[in-house]
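Contents: one structure, followed by commentary.
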């Protein structure tokens, strides 16, 4: 790739913006992460099992309509509990990426526990023959250790941070990690998650509203040349009306005519090949208790 | 019924989707389930009594306009406190189904207590000459015991779980139980429930918004051949502007031309007669404390 | 008045529905009711003082544009702290009604405390030469004692309960009390109240949305012949964009052509004169601890 | 300036309303104010760092498109941590104002602590060569001490109170302080802030909805001759879709044709020069524990 900025095209080629469709296949894990006792709640478990039974197959069908390849983040426990469904995703040509083992937020874990999540999650995917290159922290709750851990487990990109509209490279002690930034506004959870116990959310918005939020960001990314990364959860966006809304979103992206779809690993490679992309070291925030006494 | 899949038509006949209108006639029970002390709150009690005084009769009138038969879930205590109103529902040709005795969520009860809820609830309906065939857990908070208990009390279908868009059969130890799955997105509570103490909700959405949410699901169910099961609460959807919105929803369903209305028991029979419907055993989720240490 | 139901017209005359505009002039009281310490929060106090400084005069101006008389509910403490502003309301021809002394919800008070609220509130209004005939519980949090207390203080109507769409008469031990029922859906608080500390609410909805909610109820009340009673708070609806929305609501009501405006006391008189209006005794809900063990 | 009310034009000249665009450049401070431990949450920190990396430059670009000068409120700690970015704001011709040192709400601080916030915040801005004339309390959580403290530090206007639609003058013991009143309805936080831990908010509204809320207030301010003061946060409104919405808001203001843009200090001078503007002393609310027993 060559680019007006250098000798080749940059990470987004000639497109005004890049669209990356990502799906979290969390199934039971976000509910169990709120407490093991919720395994006894048959309805809550059924709410999550919708993911594998209906949501995931339907969304795979929508992607096939447009021959779009997407990136699926799968907790290791899900890969162990639902191996056929996860294998199917890969067999249909999509990318599968690392999403911890249990979906517990890393910010509540010790270093040892966070490392265990990486290890078990990787092991579970590997057993299905999957070699993930991407990583996403559960609930996006990354720690300052997460980038190094991702590199320790040979992952080459992360998608948990919110400090940019376009990809950049984190220079970790173990080498470069591409960051593909996310944001709450490009997530379906804020629009669709309703479960009172455990409390996952109280939002039942019409698909039109979600589409309005996402389209505004899409057009902004086209104006400023950014990465439109949408995060959908197959237990949420897999519902019939919402799946149709995802189809409408894809049609909207395509109708713009200047946006191209990529998977996470395709983008990762393009970013690493683009010398104009910013390289930075993570600088953990240091804060004095004289300034903020409250722990 | 004969079907392209076999010798006859399946559970939804030739319709693209089936519409099932269900109503919970909860009256005081969800407030008292939050604490007996709320009996002293005259306004909260009046907010719930609206159900019997205005909401229920108005909604029955709307159904009559279209000669649609619906399914009404009635807690046993409501049947004891408001026998004439409940008898009226049956006399106007609608189905009455079991909805526990007190509307306390089953997930907070012991097995003995949950059983008592089934027994007392059944007894209260029987005393009015009602022999229910359907069951719904209060707040949809089913346990893994609920399906067996439903069969123990000779109920033939349940409507509390969320793992599908279309009916299926649960093979319990006591025989088959038809499951007619529900979802938060097809419920009026998320759009309309506002009561600060006890806190039932903080939502006062315009009817147009509720209609947008429901219509999206309706069209999705038509695309994928599912069950459009709407849950309304007569103390919420019985308000004048919302009752008119229910009329608009029915008109929308009818205008689609390819959706047919059924009651719960009609659907239950159609499902049991359809050999192509999936039969499954419930598999309670087992989870290790090594994986999720937090109870 | 003569009526098709009897010899004269009923409480709503020949109108399809009656519109009653009510305003709560709460100023600082809902914030102080959440804790005396909030008197030290200058911004929270300024948020409430907007009521008298801008909100109330602006809304009085809007009412004058249409020569509509409305009913203003004023806590006694507000009458003591802002006597000129309250006197102004009366001088411009509006009705002033009783709204407790401190705006603490009655459900959190003893009988003696609730009685003290009635007495002090009445005294404060009387000192301004106001003889109220109507009463509204703060936060609508009526107890089963409230109706009797209202009659004890010679009040002839109440507007705190939610069990009807049209007026009725409560037969108290001290004589009849007209009830003009209210509802959360016809209140501006759910659409507009935002104050994090003390937490009054988190809603900043566009005026269009509030108008959609209210217009739906208006048309429902026209269909079923009810009372469209809107509750606005001058510290909320007195903001410029919201005041314009109230104007739009009034224009909407007028454009319907079949709705008439009344004050609370006009309605009270019409209801008492209408023999067809339902008379009922309040029946406090009695609930057994065997049924609801949790207090 | 001469005015129909006196000899010259008043604070808003011949405009129907004045528009004041303000931006809070809070970066990490609102998160750290919720607890020092959140410095360890890499994602939360990245969510805030977006402010300096993308949000602020983008919003500066939007302002340049229209050659509009705005007022930026900057906590002292932000000036210390991000000196180049803050200096840039000033170099591009905008006003920088005082916004405390750490963004902790003043209502939770002692007098000594609140004074320390003023002092450190002023010192940090001064070190960049900035001499602020305006002040805004973090979270608008002003105390009754705040006005005096502002004057003690030679600040000439404040923008934290909500008791008016137009500027007024507070007569403090240390001289006049112009108040430019704010309101929740003219803030982007209520529309856009979503961060679960620490909990900053749960709102992801479409830009269209924010625009509807703001435009309603704009037209109200035009009708009644007020101050349309919009508060945006560069970490929130700096997102692509939202930045475009700010552009749309500016276009809306310009299209009205009768609204003029001012900075805070320009307005402050105009207000001080307008003798018709109301002068008042702050009167802290005194409240008796006999009336409100609960502290």
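Residue numbering begins at 1 within each chain, and the chains themselves are lettered A, B, C and D in the order written.
Everything that follows uses one rule, which is that a contact is a pair of C-beta atoms (placed from the backbone, for glycine too) under 8 Å apart; a residue touches a chain by one contact, two chains touch by 3 or more.
If you want to know which protein each chain is, UniProt gives these names: A, B, C, D = Polysaccharide deacetylase.
Because the structure is predicted, anything quoted here is derived from the model rather than measured.
With chains reduced to the mean position of their C-alpha atoms, the one farthest from chain A is C.
Annotation, chain C versus chain D: rotation angle of 90 degrees from the Cα superposition, expressed as a multiple of 5.
Under half of the residue numbers at the interface between copies chain A and chain D are found on both sides, making the touching surfaces mostly different.
Here the spacing of chain A and chain D, counted between their Cα centres, is 35 Å.
One inter-chain figure worth recording: chain B and chain D are separated by 49 Å, centre to centre, where each centre is the mean of the chain's CA atoms. Residue positions of chain C with contacts to 2 or more other chains are absent. All chain pairs in contact, by the document's touch criterion: A-B, A-D, B-C, C-D.
Only residues 105, 107, 137, 139-144, 146-147, 160-165, 181, 183-185, 187, 190-191, 209, 212-213, 215-221, 223-224, 226, 282, 284-287, 289, 291-295 of chain D touch chain C when the two sit together in their complex.
Every residue of chain B that touches chain C in the complex is listed here, in rising order: 28, 32-33, 35-37, 39-43, 45-47, 49-50, 53-54, 58, 77, 101-102, 104, 192, 194-197, 202, 204-208, 239-245.
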